[in-house]
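After this come two complexes, each holding chain A, first together with chain B and then together with chain C.
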Partner chain A sequence: MVKTADIVIVGGGISGVSIGYFLLKYGAKNVVIIERDFLASGATGRCGAGIRQQWGSPLNCIMSKFSCEFFETAVDELGFDGDIEFHQGGYMMLVTTEKELAQTKKNVALQNSLGIGTKLITPSEAKALAGPLNTEGLLAATFHDRDGHLNPFTTTRAFADAFVRLGGKVYTNTSITGIRTSNGKITGVDTNRGSIATNTVVNAAGGYVQNIADMVGIELPLYSKRHNILVTEPVERVLGPMLMSFSLNFYCQQTPHGSFLMGRTCPDQPRDLRITADSRFPVAMAKTIVKVLPQLKNLRMLRQWAGLYNMSPDNHPIYDQVPGLEGFYLSAGYSGHGFMMSPATGQSMAELILGLPATLPWGQLGFSRFTEGNTIHEPSVV
Partner chain B sequence: MAIDEKSHILFTKPLHQTPMIYYHSTNTDINLKGDYMRISAHPILDFERGTQVSFTFDGVQVSAYTGETIAAALYAAGYRTLANSPVRHRPRGFFCAIGNCSSCMMVVNGNANVKTCIELVQDGMIVETQRGKGTL
Partner chain C sequence: MLEKTGVPTQSEIESVFPSDERLSKGPVAVIECFQSIPCDPCATACPRGAILPFADINDRPVIDNDKCNGCILCMTKCPGLAIMVVDITWSQDRALIKMPYEFRPLPDVGQTVQALDREGTVVAEAEVIRVQYNKSMNKVPIVSIAVDKQLVKTIRNIRTICDTPTTATHTAIQEEAQDTGIVCRCNDLQLAEIRALIAKGYTTIAELKQMARLGMGPCQGRNCLPVVVNELSRALGVPVAELPVGSFRPMVKSIYLGDLAGYEEQGEN
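Right after this comes the complex of A and B.
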């Protein structure tokens, strides 16, 4: 293991590998990623992996547009020899209440003004795009054809391979056991495989960011919450776009493999890092999805699992240096959309850490927004 | 592997990038058909056989007894290939026989992905070999 590093990234999920890749791309040297388990073993490998640009805040629209455009050419940009399985079949958001319709119209206008070609469509147009859809009770839908979904494992691998090719080092099965500081500055990290002297640590530990911050006695304004997801047996493709609805409380996609991956927000979820199965979830999920896609009623569920949403007070991530400890950066609090925003995360954090001019509005995503009352309102999160 | 050699290796090359090998699926019967493949007398167990029924498998008439599973009846009739693997199309035979392994999934009366090792035969059933992953 290396003895010194310019930058140590904690966490080998999609955010950590993306930050690592962009840091090296913009000229950083001696960057190391420390991962406790294996790459994508946390929230990344557990997520729904949907990619959408249909947001209600300008900031999220800009960040997600950058990210989606990155994914479109990611295989070439990253020089990946595999397939990130970007199924760009569009993303359809179903609208079933008048209140939701009013908000949706505002969102579409905003997205269009930012160059995102979302369309407000009628239930029959929705049916034409998503054959198995039951349009009963549907008022309208929005559709953006450049959205879709990815394979989170191979996407993580694509970033990690590019990171290693550019000279980065990845240590998996390696735990951070302590962070060394001196006079309010980072001086190194201790791991179960040795210590690394460094002045810069990026905390990208996803659901476990507070565990890392605890090592330097810092309380973050974030918490991790369990979210459930399930997968069915595979069948030939019948569903092109990814579907989602706030009012119906679900998202669902058919993977290139043919299986359906779906989730919904459940009540009373633990916030103590538990990722055990919730037996109530598949029942509620099945009831929901069979109303929307009646054909799925005879499809077998294969398994369920859970992962952690790292929630921030305004449902937006924090990209910043932690106040009070020089060299300690935080990239967390994605509130359930860290995977789809990961290219923007990497670009933003690299610009922040390397002191480059900002090409993305990450300046709004610092800690100061909470103390100065500049939190960002996003009406469109699950 | 580009990643640290001591690390756990998570990802392998996707299956579809490995050379495609086609195996011939052979339902050339073993000439052991019908009741010959059923145990008729056993020193300890008694077999109470149901009434005789028949169904079609890929258009061929197959006889069976009520209380048998589709896969058991097909096995007794000499069929050894029950399905094909989805990517490399290798023949799949009777494997777990308890509804777990998905090795015997067929299209039954138009419904895909029926686990024939736990589905009981009924008179007049239409059973077909499944091509691909099945359609909803």
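Right after this comes the complex of A and C.
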């Protein structure tokens, strides 16, 4: 293990590897990723890995548009000798209430003004794009054909392989056991495999960011919450777009492999880092999905699991240096959208850490927004 | 009954047995596969097409008895040892039963063994007529026994009676795994592909799962994980017990979303 590093990234999920890649791309040297388990072993490997540009805040629209465009050419840019399985079948957002329709119209206008080609469509147009869809009770839908979903495992590998090729070092099965500081500055990290002297630590530990912050006695305005997901047996493709609805509370996609992946927000989820299975979830999920896609009643569920959403007070991430500790950076609080925003996360954190001009509006995503009353409203979060 | 005890009822046995008319025409396979599970090697095992093609990996086998000639090929492909061949025309008073037998030592030809029913109770004595075991048999020896014709639907296994090991007629072939062997039937992964990934540095079950969808199919790892854990152990020189196996929690039985949707919640999680 190296004895010194310019930058130590904590966490080998999609955010950590993206930050690592962009740091090296923009000229950083001696960057190390420390991962407690294996790459994508946390929320990244448990998520639906969808990407949508259909948002209600300008900031999320811009960040997701950047990310989607990155993913479109990621295999080339990262030089990956594999497939990140980016299925751009579009996202279709189903609208079932008048209130939701009013908000949706505003969102579509905003998205269009930012160069995102979302269309408001009728139930019959929705049916034409998603054959198995039951349009009963549907008022309208929105559709953006460049949205889609990826394989979170291979996408993480693509970033990690590029990071290593550019000279980065990844240490898996390695736990941070302590963070060294002196006079309000970071001086190093201790791991179960040795210590590394460094002046810069990036906390990208996903659901476990607070555990890392605890090592330096810092309380973050974030909490982690369990989210459930299930997968069915694979069948031939019948569903092109990823479906999602706020009012019906679900998302559902058919992966390139043929399985259907689906999730929804459940009440009373623990916030204590538990990711055990919730037996109420598959029942509630099945009740929802067989109404929207009736033919799925004939599909068998194979497995359910859960992962952690790291929630922030305004459902937007924090990209910032932690006040009071020089060299301690935080990239967290994606509130369920960390995977899709990961290219923007890497770009933003690299610009922030290396002092580069901001090409993305990450300046709005610092800690000060909570104390100065500049939190960002996002009306379109599950 | 079957789900509680593992023993099929008489009517279940009758449901998979060929008609008396067919039995009287010579050897024929009997497939005692009673549950819909994700498993399909038998569907492609028969060169005569006697086992009908599956529409779905969860299908139960259907056999065209007129095409079946009672060879042993499908028996060596069934991981559940669910297939036997019966021939009531074998002699005047005795029937021949060919069955997969994976215990050691293998019995000797001519040896008298105990014949067991489906509950494992000794119901008769049987004479070992033939023991077949060679490299093409997928590590499934086939033992043929002669039994009283009246017991052809009763006898399902044997126990070798002697206390001391016999000189087995057939010594076990070297347990050298074949590269082209299918490790994961759900996702069609050959051992060679797993070995290539291990050589690339994916040395835990969790990583192999991510990269190759190992254990993510309908069997949820029941079939592939034991094989791959052994392969990892061999490649890394680490005992199986010390390898992290990741989360392995296959469902007892996969459930239709339609059935789940009809379930009413009973109390808390």
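Criterion: the second predicted complex is superposed on the first by the 382 of 382 C-alpha atoms of A that agree within 3 Å, B and C clash if a C-alpha of one lies under 4 Å from a C-alpha of the other, contacts with A are read in each partner's own complex, and residues count from 1 in each chain.
Heads up, the rule we're going with is that a contact is a pair of C-beta atoms (placed from the backbone, for glycine too) under 8 Å apart; a residue touches a chain by one contact, two chains touch by 3 or more.
The structure displayed is predicted, hence computed values, not measured ones.
Model built by superposing both complexes on chain A: chain B and chain C clash. By the touch criterion defined above, A:R280 lies against chain C but remains apart from chain B after alignment on the C-alpha atoms of chain A. By the document's definition of touching, both partners, chain B and chain C, reach A:A40. By the document's definition of touching, of the two partners only chain B reaches A:A160; chain C does not.
In the superposition on chain A, no contact is made by A:V202 with either chain B or chain C. When both complexes are overlaid on chain A, the residue A:P132 reaches chain B alone and has no touch with chain C. Contact with chain C, but none with chain B, is seen for A:V290 once the two complexes are overlaid on the shared chain.
In the superposition on chain A, contact is made by A:E233 with both chain B and chain C.
When both complexes are overlaid on chain A, the residue A:R300 reaches chain B and chain C alike. Clashing C-alpha atoms between chain C and chain B turn up only in stretch 149-157, chosen from 131-139, 149-157, 221-229 or 257-265, once the structures are aligned on chain A. The contact surfaces that chain B and chain C form on chain A in the two complexes overlap at residues 37-40, 153-154, 157, 233-234, 296, 298-300. For chain A in complex with chain C, the touching residues are 37-41, 45, 153-154, 157, 231-234, 257, 278-280, 282-283, 285-287, 289-290, 296-303, 305.
Those residues of chain A that touch chain B in the complex are listed here as 37-40, 82-83, 132, 153-154, 157, 160-161, 164-165, 169-173, 233-236, 238, 258, 295-296, 298-300. Contacts from chain B toward chain A in the complex involve residues 2-4, 6-8, 10-11, 13-14, 17, 86, 102, 111-113, 132-136. Of all residues in chain C, those touching chain A in their complex are 38, 58, 204, 206-207, 210-211, 213, 216-218, 220, 247, 249, 251, 254-258, 260-261, 263, 265, 269.
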